[in-house]
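What follows are several structures.
Here chain A shows up in two complexes: once beside chain B, once beside chain C.
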Partner chain A sequence: MTQKYADLTPIMYPKSVAIIGATDNTGKIGNIIMRNYIDVGFSGKIFPININSQGSILGFKAYKSVLDVKQNIDLAVIAIPAQAVPAALEECGKAHVKGVVVISAGFAEVGNVDLEKELERVAKKYALPVIGPNCLGVMDLRSRINTLFLPTFKLDKPKIGNISFVSQSGAVGSAVLDEMMHEGFGLARFISYGNAAVIDEVDVLNYLMHDKETKVIVFYIEGVKRGKEFVEVAKKATKIKPVVIIKGGRSDAGMQAAHSHTAALAGGYEAYDAVFRQFGFTAAKDLKDLLNYAKILSGQPLCTGNRVAILTNGGGMGVLATDALADNDLKQAQLTEASQATLRKTMPPIVNIRLPLDVGGDADDKRFGDALDVIEADPGVDALIVVALFQTPGADSRVAEKLIHHATGMKKPMVVICMGGNFTEMHKIMLESSGVPVYSSPSDAASSLAALISYSRYRQ
Partner chain B sequence: MTQKYADLTPIMYPKSVAIIGATDNTGKIGNIIMRNYIDVGFSGKIFPININSQGSILGFKAYKSVLDVKQNIDLAVIAIPAQAVPAALEECGKAHVKGVVVISAGFAEVGNVDLEKELERVAKKYALPVIGPNCLGVMDLRSRINTLFLPTFKLDKPKIGNISFVSQSGAVGSAVLDEMMHEGFGLARFISYGNAAVIDEVDVLNYLMHDKETKVIVFYIEGVKRGKEFVEVAKKATKIKPVVIIKGGRSDAGMQAAHSHTAALAGGYEAYDAVFRQFGFTAAKDLKDLLNYAKILSGQPLCTGNRVAILTNGGGMGVLATDALADNDLKQAQLTEASQATLRKTMPPIVNIRLPLDVGGDADDKRFGDALDVIEADPGVDALIVVALFQTPGADSRVAEKLIHHATGMKKPMVVICMGGNFTEMHKIMLESSGVPVYSSPSDAASSLAALISYSRYRQ
Partner chain C sequence: MQLLDYMQAQKLLQDHGIRSVDSKYVTSADDAAKFASSDAIVLKVISEKALHKASHGLVALNLNSEEKVRSAYKALEIKARDLSPYKVLAQRMVGKGIEIIIGGKTDPQFGKLLLIGLGGTYVEIFKDFALRLCPIGKKDALAMLYQLKSRKMIAPDDKTEKMIVSLLENTSKLFSENKMEELDLNPIILHDGTYDAVDLRMLLQ
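What follows is the complex of A and B.
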C-alpha cells in the first residue's frame, strides 16, 4: 500500500460480502460465518464462494471464485486452508475486492513464515487492506457485519454503544467480548487482527481514532511491530478519545509465551509502560481492570479534580471505599459549612454529617436524593461514589431511579458500588442501562475513578 | 463472665427461641425475624414476646415477657427500642435464657455509651453471652436459625457448606453474604456482631476455630478491642484452619470513618498487618479478594510448592495467566522430558509442547483430558491453572465434566479461569458446584493460588 495507514472503511461498511469457503456443512467455519451474516440481518449482497459449489449455499447463489461474481465486492472473508489463501487473495485483487479478512490459521504462528510473506506480497501487489490471518475478524453492530466463526449460542447478545474493542488474540477477544456483552457494555466495533500480516494495530488505532461511532478504544496487544508509527498515531488518538490498553507478556515468562503464541516480537514491558504513561494511554494490568476502565470512560464526564465524596447506606462499605480512595491516590472531599448545615436539616439526627456520609440502612429514595442534592452541588466535591446496598430494608428500585435521575446530566462523574445477588443484579442492570457505571467492590470503583481522573488530566 | 471466652453454643444450637419485639405488623424488624424463623423451618420452639401482645403473633402463642414463658429458653433475640433493652436483658437473665442476640441499634455507635455500658453490666451479672447490639445477628443453615432482619426476597438462597463469615458491620455482612450466596459459596455460619459490647471477635474466633462445621473462617473487622487475646486465639486458629481477613480502616481517612461507624478504636494498620503476617492470616485488601481467597481455601488441598502449570485453549489467556503468575511470585512449572514426549504423542502437531500449554481453540474434552493426565502426574508441577474458554468451537459441557473428573481427588490444587456470558456462566456453575474454584480473570486466579500457597507454607 502506498498510503501510510490502511483504510478499514470497506471492511467496516461493505455493501456486499463474498465468503470464500462458504459451505452448507454445519459446524464448518465457512458455514458459521455465512449463517452469522444471515442472522445479523446484513442488508447488502452476500456471495458464497466455494470451489466445489453446485448452484447455491444456504439459499444464496454460489460461485466457484470471486472472479465469477461479476458484481462489485466490497469485502471478502476468507476461511479456507492456509495453503490456498494466497491464490484466493490474488483472485480478490483481480476482482477489485476492496477489503479482505483472512480467518484461516496456519501461517507464521505455526512457523509457516514464507506462506505469510506470500500473503503479504499479494496484498501489497493489489493494495488490498487485509485483516489477519489467524483471526476472528470484525463485528460491527451498525453495519451488521460479523466474520466471527464462534457459535452464536456460546455468546451473549450485544448492545449497540460507543466502545470499540481490538484484540490481537482471538481467544482473549472472544472471552472479553462475551463478558462485555454479558455486562451490558455498549459496543461499537470488535476487531481481532491476529498475525497482523498487513493491517496492524497502527492501522486499527488510526482508523478508530477518527471513527465517530467509537468513544472509547479498548486494546489487547501482545506486541507492536511498528513502534515509531504506533507512538505517532497514539499521541494523536489519546488527545481525541481514551485508549484503554493491556499488553500480554509483561513478565519475562509471559513475553516468551506471547512470542510462541503470535510470533510477535514482544519487547520489554518497561518500554511499553513508558510509552503508555507518556502518551496518555489508560493501561490495565488485568482484564477486569480493562473492562472497569472502559465502563467509566464510555459514559462519565472527564474530571481533573480528585476530591471524591462517598455517600453510603452501609457504614462498613463507606469505610472500605475510603480505604480504596487512599489506595488510588484520591482524596476524600470535605463538605462546605453551608452543605453541612443543609444536611443537618434534611437528614435524620442519627446521621453523622461528614464524609463518607452514611445515610443508614433505612435510607430510602428521598434520603438518597436529599443527600445527593447537596453533595452534587458542593464546590469541594469533584466526583461521587455512591454505595447502594440493596439488601438493606430501605433500598429498592426507587433508590435506583433516584440515582439515575441525579447521574443523568450531572457535570461530575458518579459511580455506584453494589454487591450481592439477584435483587442487586436487577438494580445494577437498571443503573447501567441508564449509563451509571456500577462496580461490585470499593477497589474497582476507586481504581476506575482514578483512571478517569488520570486521563482527564492528560487531556487538560 | 468468668470464663475467658464466651460460649456461642446456645446461640448456635438453640432448641427454643424467644423473639422479644415480635409483632404481626409486617415490615417491622420483629415481624421479619419471626417470619424468617418460620421460613427456614426452625424445628425448636418459638416464643414471640411483646409487652403489648394479645394472645398470639403469627399463629404462635405470645407472651408479655420471657418470665411468663415458664419453659426453657435457649436463645433470646431482642429487637425493641434501645432504651428498653437493658430491662429486657435483665428479664432474660432472671428467666435463665442461655444466649442473647441484641439486634437493636442506638447504643455507643450514636454516642449512647452509658446505655451500652448498662447492657454490658446486665450481661455480666447473669453471665449471659450476648451478641450485639447494633447487629444482624446470626444465621446457621444446619440448626436453621436466622436472626437477620433483611427481607428474604432481597437476598439469594444459601447453600450449606464449610465457610463461616463473620462481620463487625451489618451492611458489609449482608452484601458479602448475599454475594457469597449468589456465587454458590457453601456456607456454615454467618455472624454479625456489631458493637461487640459483650461477645467480640476474640470469642467468635475461638468458637469457630473449634467448630467442626467450619473449614474456613472469613472475617470483616474494623478494630479489635482485646488485642492480646486476639493474637493468642489467632495463633491457635490459623494452625487449625485458614482465617481470611479484611480490616476496614487501613488508611488514615478510613480509620476515622471506621471510628465514626462502630466507635471502635481502629488502630494503625501497620500493627494489624504485622499480626496478620506473623500469625498466618490470609489478609485481603478488597472484598473481591476476600471472596476469592475463601473460595480456593474452602475446597482445594494445601500446597507448599509454587511451580504452576497453565493449560489453556486460548493463547492470549495463557500469556496473561503467565504474567499473573509473575505478579504473584509464582513460578511457571517445567514439564519433564517424559511428560513432553507423551504430550508429543497425544497432542496434534500444531500444539507447541511447552508451558503454558495452548491446546488450541478446537480442543475438546479428549484433548483437555490427555493434557491433564500428563500435567497432573508431572513431578515438576505443584499446582494447575486451567483456562477454559467456552466461546471456542471445541469447548462444551464435556470439557467441564472432564475438568471436574480430574480435579476431584487430585492431590494438587487446581483452579479454572473462564470469562464470558450465559453459556460460560452455566459451565462455571457446573464446575463450582463440584468444588472446582473458577475465577473470571487471570489475576484473580493467580492471587488466590498464591494465598493458598502462602497459607500452606505457614501451616508446614
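What follows is the complex of A and C.
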C-alpha cells in the first residue's frame, strides 16, 4: 500500500463481490458465506468462484477464476485451503479487485510464517488492501455485506446502530457480536482482522475514526503490530469519538528478562495500560465492562462533572447505588433549597426530601416525572442514576415511558438500574431500544457512568 | 548495552536540573575520611559483578565518625576483593524521608516509558506505580501522581506536588533526549522540603 493507512472503503462498500471457494455443498464455509450474502439481501453483483465449478453455484453463474469474470469486482472473499491463497490473491491483483478478505486459516497462527509472508508480498505487489487471513471478515448492515462464515440462524438478528466492533480474534468476535445483538446494541460495522498480515489494528482504527456511521469504537486486541503508529492514530481518534478497548494477554512472562526495578514493573500489559490511560482510551478489564461502557458511550451525552443524583423507588437499592458511587469516585449530588421546596410540594409526605431520593414503592409515572423534572434542572446535579424496580405496585410501562421521555430530552447523562425477571426484562428492552442504558447492578451502572465522565474529562 | 559510570550519570542528572546526593569516588580510607569531613556519609562498592549492592553487603550506612568511615572502608575493600574491577563511592547521608522510584524503560512496541512509584523496599511489595509514554507533559505528570495509591504520602501538599511534577518532566526529557535504554533513580529520598536521588543506574543503548 502506498499510503500510510489502508483504506477500507472498497471492502465496506462493494458493489460487486467475488466469493472464492463458493460451493453448493452445504456446511462448507464457502457455502455459508455465499448464502449469507444472499440472506442479507446484498444488492450488488455476486460472482461465485470455484476452480471445479460447472455452470452455476446456488443459482448464480459460476467462474473458475476471478480473471474469467471480466467485470468490475470490488471485493473478493477468499475461503479456500491456505496453500492456494497466494495464487488466488495474485489473480485478484491481475483482475483489479479493489479489496480482499481472506477467511482461510493455516498461516502464521499455526507456524506457516512463510506462507503468510507470500500473501503479504502479493498484496504489496498489487497494493491490495487485505483483511485476514484467519478471520471472520466484515459485517456491515447498511451496505449489506457479511463475510462471516457463521450460519445466520445461530446468531441473534443484528440491529443497525452506531457502535463498531473490531476484534482481532474471531472467537471473541463472534461471541461478543452475538451477545451485543442479544442485548439490543445497534451495530455500525463489525471487523474481525485475524492475523493482520496486511491491514492491522492501526488501519482499522484510522478508518473507523473517520467513519460517519461509527459513534463508538469497541476494540478487542491481543497486541499491536505498529506501536508508534497506533499511538499516533489513537491520539486523534479518541479526540473524535470514544474507543472502548480490551486487551487479551494481560499476564506476561517478559518479567524475567528485566534488568532493573523499572523494567520489572513495566512489563507487557503495563505498557498497554499506560498507552490506554495516556491517550484517552476507555479500557475494560473484562468483556462485561467492554459492553457496559460501549452502551453508555453510544447513547449518553458527555459530562465532566461527577455529582450524581440517585432517584429510586426502593430504599435498599438506593443505598447500594450510593455505595457504588463512592467505589467509583463519584459524588452524591446535593439538591438546592429551591429544588427541595418544589419537591416538598409535589411529593407525598412519606418521601424524605434528600438524595438519594426514595420516591416509594407506590411511585407511579406521575411521581417519577415530577421528581425528574426537579432533579434534571438542578444546577448541582451533573448526572442521574434512576433505580426503577418494576416489581413495585406503582411501576409499569408508563414509568418506563416517562424515563425515556426524560432521558432523551435532557442534556445530562442518565442510566437506569433494573433487576428482575420477565416483566422487568420487557421494560429493560423498552428503555434500551430508546437509547437509555440499563444496568442490572448498581456497580455496573456506577462504573459505566465513571467511564463516561473519565472520557468526557479527557475530551475537555 | 552499557552501564553508564556513576559520576557521569550524576552529571547528566545535573544537566537536566535533577538533584542527586553529593558523591565522589574514593580510593583510600584517608580519601574517604577527607570527603566526610565532619558529615555522616555512606560508602558503596560499585562493580558490574554485583548489581544489587545492598543484598551483597556492599553498602555501609550512616558512617558518622572518622573511625567508622575508616573501618567501613577497610571492611568493604575485603568484601570487594572478588569483584574487581570495582570502585568505592562515598555519598553524603541524606535526611530521612519517603523513598520513591522514578525510572525509564524502553518498550519494544511503544518506545520509552517513564515510571514513578513508591520506592525503597515497597516497590516489590505494593507495586504502586504509574507509567506513561515519553515525552510527558505537566498534565501527564499530574495524572501519574494521582494514579498512585500512595499519592498523599509522596505529595502531601501543593509544593511537593509541584516539585514531583517538574521532577517527572525533567526525567522524561533526560530519558527521551539521550540514547538510553533504561534508567533507574531508586531511591529518590524526599526530605526537608526537597529531594535527592541517592542511587542511579543508566543503561545506554
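Everything below uses one rule, namely that the second predicted complex is superposed on the first by the 445 of 460 C-alpha atoms of A that agree within 3 Å, B and C clash if a C-alpha of one lies under 4 Å from a C-alpha of the other, contacts with A are read in each partner's own complex, and residues count from 1 in each chain.
Keep this in mind: a contact is a pair of C-beta atoms (placed from the backbone, for glycine too) under 8 Å apart; a residue touches a chain by one contact, two chains touch by 3 or more.
Keep in mind it's a predicted model, so treat the numbers as computed, not measured.
Engineer: Kindly classify A:9 by the partners it touches after superposition: chain B alone (first), chain C alone (second), both, or neither?
Structural biologist: Once the two structures are laid over each other on A, A:9 reaches no partner at all.
Engineer: Examine A:325 and indicate which partner it touches, taking first as chain B and second as chain C; both and neither are also allowed.
Structural biologist: In the superposition, A:325 contacts chain B only.
Engineer: So, A:228: does it touch chain B (first), chain C (second), both, or neither?
Structural biologist: second
Engineer: Would you check which partner chain A:151 touches, where first means chain B only, second means chain C only, and both and neither mean what they say?
Structural biologist: Only chain B is touched by A:151; chain C is not.
Engineer: Applying the touch criterion given at the start, work out whether A:277 contacts chain B, chain C, both or neither, answering first, second, both or neither.
Structural biologist: second
Engineer: Just to be sure I read the superposition right, which of the two partners does A:340 touch: chain B = first, chain C = second, or both, or neither?
Structural biologist: Touch status of A:340: no partner.
Engineer: Among the partners chain B and chain C, which is in contact with a greater number of residues of chain A?
Structural biologist: B
Engineer: Does the superposition put A:112 against chain B (first), chain C (second), both, or neither?
Structural biologist: neither
Engineer: Which residues would you name on chain A as touching chain B in one complex and chain C in the other?
Structural biologist: Shared contact residues on chain A (touching chain B in one complex, chain C in the other): 260-262.
Engineer: Residue numbers of chain C touching chain A in their complex, please.
Structural biologist: 101, 103-105, 107-111, 113, 115, 117, 123-124, 127, 129-133, 136, 140, 143, 147, 182-184, 186, 201, 203
Engineer: Show which residues of chain A lie in contact with chain C when the two form their complex.
Structural biologist: 223-224, 227-228, 230-231, 259-263, 265-266, 270-271, 273-275, 277-278
Engineer: Mind pulling up the chain B residues that touch chain A in the complex?
Structural biologist: Residues 106, 110, 149-151, 153-156, 167-176, 178-179, 181-182, 220, 222, 246, 248-254, 256-258, 260-262, 285-288, 312-320, 322-327, 332, 350, 352, 354, 356, 358, 361, 389-393, 418-425, 440-444.
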